[in-house]
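Below, each structure is written out as structure tokens.
Both complexes shown next keep chain A, but they swap its partner, so chain B is in the first and chain C is in the second.
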Partner chain A sequence: MLLEMKDAVLSYGKIEALHGISVHVEEGEVVSLIGANGAGKTSTMRALSGVRGLSAGSVVFDGQDVTKMRADQRLRKGLVLCPEGRGIFPGMTVTENLNMGAYTRKDKSAIDEDYDRVFDLFPRLLERKKQIAGTMSGGEQQMLAIGRALMSRPKLLMLDEPSMGLAPMLIQQIFDIITEISQQGTTILVVEQNAKQALSRSDRAYVLETGNIVKTGTGPELLDDPSVREAYLGVA
Partner chain B sequence: MDFDALISGLDRHTLDGITRGSIYALVALGYTMVYGVMKLINFAHSEVFMVGTWTVLGVYTVLGATSGMGVGAVIGATVLALLAAMLASAGTALAVERIAYRPLRKKGAPPLIFLITGIGCSLVLVETFGQVLKAFFGPPFGRVTVNVPSVIETKVVFTIPGLDLPVTNTRLLIIIGAIVMMVALDTFVNKSRLGRGVRAVAQDPDTASLMGVNQERVIMLVFVLGGAMAGVAALLFTVQYDITKFDIGFIIGIKAFTAAVLGGIGNLRGALVGGLLLGVVEVYASQIWDSSWTDVTAFIVLVLVLMFRPTGLLGESLGKARA
Partner chain C sequence: MSQISDSIRGLQIGNRWDRAPKWVRSVGLLLVIAFAFYLPFLNVLPFAYIRTDLNPTGSDWASVLFLIVVYMIAAVGLNVVIGFAGLLDLGYVGFYALGAYSVALFGSPSSPVVEALQSRFGLSDEWAVPFVMCIPIAIAMSLTAGVILGAPTLRLRGDYLAIVTLGFGEIIRITARNLDNVTGGAAGITQVPVPPGPEVDGRSFFNTIDAERWYWLALVILILIVFLASRLEHSRVGRAWLAIREDEDAAAVMGVAGFKFKLWAFAIGASVGGLAGLLFGSKQQYVEPNAFMLNLSFLFVAMVVIGGSGNIVGVLVGAFLLTYLPERFRELQEWRPFAFGLALVLVMVLRPQGLVPSRRRAAEIEDRRHEAEEAAADA
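Showing the complex of A and B:
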């Protein structure tokens, strides 16, 4: 198992956002986590990436207990999060943002390979290498954020709502690229409100409701599940 | 009001203002960098500067350095004093961070607590030089102004043609020294990998940590860099004014802070602009009215900036400051 989170409890002061959830990801899988606004998806990502600590429970990644590790230490192990709202550095150029992804790496020739890979996936970024990232469109910023995450050479790439705020055509394109990244051999955990896209592209999925996992199954199973269809796919 | 005094010596007063301003700018860097990364005004920074001036005095005393030494000895003593001051100031800054701020950060204390703790550190350091060290070692420690040997003999090195304005070696050293340090720091922050880490934390600490940037390291780095710059400022200050005092940090600190706010706190280049501008403005004010206006000017400028343009002249964050 590449990633296993067990009985995770996460609180913001007195508010408990995750009430002891368990999630796991096998090597090579695409797993999605769907849920309504405020369900605790981002909190789950924060707990997994180490941006926030857990008050109970554990996170094991690649055979190692990382529960007590800071985010920067987890990144070095290959646990990489592309955060909600993209988190690009607005004052830096496209190139500088990509460099930030490779911040901890010293393997120069492999970094150059990864640049080529990113520019291959996102030719748009190559055209705009020198542009200040804050002046780019939402779609371009999302591409930059994913490209930057790839520059960290993830073993597990976690994406928090990559489709947020994008036009339907762009959403399609972003998910195509996520599928392509998966086919190139990277394991993926993706958080989405856009349940239809997420489920149809995933091997397995979890449904999160107010801090609890209420359902889990394969992508196709959940796509056919009546309660999921009603709550998340807008069909009765 | 006497505009004639100002106008008749405008070139001389401007040069004087730039000299003062160079020192303010160097000290301002410490405020601005720490603010950029932690959104904290480090009130103990003025004492980081003060420790530097005492270190210069210490080195000169140990070496027995005085004016009238040979050129080699003067350069040697000055360089040694510079390095020692940078080290002592950086060390003091780092100690303040470790002892006062880091434990609070670990506890997630609210911002006000940091400010109060910073003021506490400042008082402890001031009283260390004003009382504690005096109790152990006697003078020169204590609450009086102390002379620092003017190792570099002031000489006119050239005269700016047309203006008939003599430029001395000490002024030249201060202005060039300050500019060299600022360019070096600016290049480091904008071009190096660690500098990119600093800018990343300044723009978005959480995302920076998701890129593998160790925030604690970045924080240590900005305290060390800001401290070292204050050390440089301390040496240059003693070169120009030949004195130190237990509370010398107070007024320089306020002026440097004003310079940082004037230029746009969090912005490295703003520190330079703010420092030079403040230096010139206060010299002009002292000519138009009288010298008692020198220090008042800084406060007036601070209040005006906070009222009318709180983001300062350049007004960008450290994260956004770039070529």
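Showing the complex of A and C:
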């Protein structure tokens, strides 16, 4: 098992956002976490990446307990978060943003390989290499955020709402790329509001509601589940 | 106002400068520096109108220049904290005061600290720590204070940090005023040492009359500090600061240890502030708590913000304007606070990124505006 979060409780002051949830990801899988606004999706991501500490529960990554580790320490282990919308550095150029992704790395030649890989996946970024990131469109910024995360060579790439605020065609494109990244051998955990895309692309999925996991199953199973269809796919 | 700024922007000085060949930039820089060194003797009309001592009540020109450069040093140091790392420090005067008090406490033969050392070790009445040794002491003291203040408080963000630092600035001043048997209390400390140098005309090289020498000394230090700060900005540490300033959480998930780098920014900013304070105290040859009121902190912040937070040239311009203009137009003294407030409001409304903005800052402000609009649209 690559990642296992057990009975995680996360609170903001007196408000508890996650009431003891358990999630696990096997090596090579694409796992998604779906849920409505305020279900605790981003909180789960924060807890996993180490941006916020848990008040109870544990996170084990790659056979090591990382519960008490800071975000930057977890990144070095290969647990990498691509934060939600506009999580790029707006004042830096595209290249500088990608550089930040490789901030903790010293293996120059491998970094260059990863540049090529990112520009291969996102030819758009190559065209805009010198552009200030804050001036790009939402879709381009999302591509940059994913590219930057890839620059830290993740073992597990966690994507927080990659489709947020994007046009349907772009959503399709972003998910195509996510599938491609997974085929290249990176394990993926994706958090999404767009349940249809997420479920149809995932091996397994969890449904999150008000800080609890209410359902889990394979992607196709959940796509066929009547209550999921009603609540998240807009079909009765 | 905006027409003027538009026409200045139309000149694209920044872009032209960046694109100019290296030798043009080197020569340009040397000319600016040479002119700066010549400034105290500037006496050719009409340029001499920039002098502050044209009428008999005016301030001594070289002394004003010295003060401008000392404030420039402080502003460049504060820019590391505010401009590079994005931490609002409203107590910067505390570090400035610590620098000035360090050289006074250890370098003046009449300071209570030195007197205690004299009697403890049976030294003569004239003994004191030499000036050159006071420099590392001053830097170490302000750096330590920066770390002590930063370590518990840098986990706070934004406004909370601003309030804590605000308190720090006041604590330093009030402590200096009340700790009579260490700092001399409200009476302050006299006989603050000056830098060593050959005697000229029977006076020491750095004295109270020949202010231009002080100005040149400060200018050399400023050039050094500006060089170091710009090297730092483009280093690995500088990139970490930039990332933290733009998005602290994103920086953390990219592997930037936020706290460590923020503490660095604080410590570096503090030691530069201490150095500026040391120069000030040494030239005055007298240090007293009322020289370090809170409004000086606000003045430093205003220099950075009006000039262009994050851009070293910008903060130099800001420090120059906010020090020079009040001295040049002394006769309008009672209008000073009004003009100051008006200038701040105008800059914030018309040019929130500062007079000489950093390109990144401008993009960040635009990005935040965008985010706010999206949030408003959601609600």
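Just so it is clear, the second predicted complex is superposed on the first by the 235 of 236 C-alpha atoms of A that agree within 3 Å, B and C clash if a C-alpha of one lies under 4 Å from a C-alpha of the other, contacts with A are read in each partner's own complex, and residues count from 1 in each chain.
One rule holds for everything that comes next: contacts are C-beta pairs under 8 Å (C-beta built on N, C-alpha and C of every residue); 3 or more make two chains touch, one makes a residue touch a chain.
Here the structure is a predicted model, which means the values were calculated and not measured.
Engineer: Given the alignment on chain A, is it a clash or a fit between chain B and chain C?
Structural biologist: Taken together on chain A, chain C would clash with chain B, as the superposition shows.
Engineer: Quick one: classify A:135 as touching chain B (first), chain C (second), both or neither.
Structural biologist: second
Engineer: Contacts for A:100 in the overlay, against chain B (first) and chain C (second): which applies, first, second, both or neither?
Structural biologist: both
Engineer: Should A:76 be classified as contacting the first partner (chain B), the second (chain C), both, or neither?
Structural biologist: both
Engineer: Quick one: classify A:219 as touching chain B (first), chain C (second), both or neither.
Structural biologist: neither
Engineer: Determine, under the contact definition given at the top, whether A:211 touches first (chain B), second (chain C), both, or neither.
Structural biologist: neither
Engineer: Would you check which partner chain A:35 touches, where first means chain B only, second means chain C only, and both and neither mean what they say?
Structural biologist: neither
Engineer: Considering each complex separately, which residues of chain A are in contact with chain B in the first and with chain C in the second?
Structural biologist: 49-51, 70-72, 75-76, 80-81, 83, 87-92, 96, 99-101, 103-104, 148, 152
Engineer: Can you list the residues on chain A that touch chain C in the complex?
Structural biologist: Checking each residue of chain A against chain C gives 49-51, 70-72, 75-76, 80-81, 83, 86-92, 96, 99-101, 103-104, 132-135, 148, 152, 165.
Engineer: Spell out the part of chain C that touches chain A in their complex, as residue ranges.
Structural biologist: Per the stated touch rule, the residues are 239-240, 242-243, 246-247, 249-258, 359-364, 366-367, 370-371, 374.
Engineer: For the complex, which residues does chain A have touching chain B?
Structural biologist: 49-51, 70-72, 75-76, 80-81, 83, 87-92, 96, 99-101, 103-104, 148, 152
Engineer: Note which residues of chain B are touching chain A in the complex, please.
Structural biologist: Per the touch definition, chain B meets chain A at residues 193, 196-197, 199-200, 203-204, 206-215, 316-317, 319-322.
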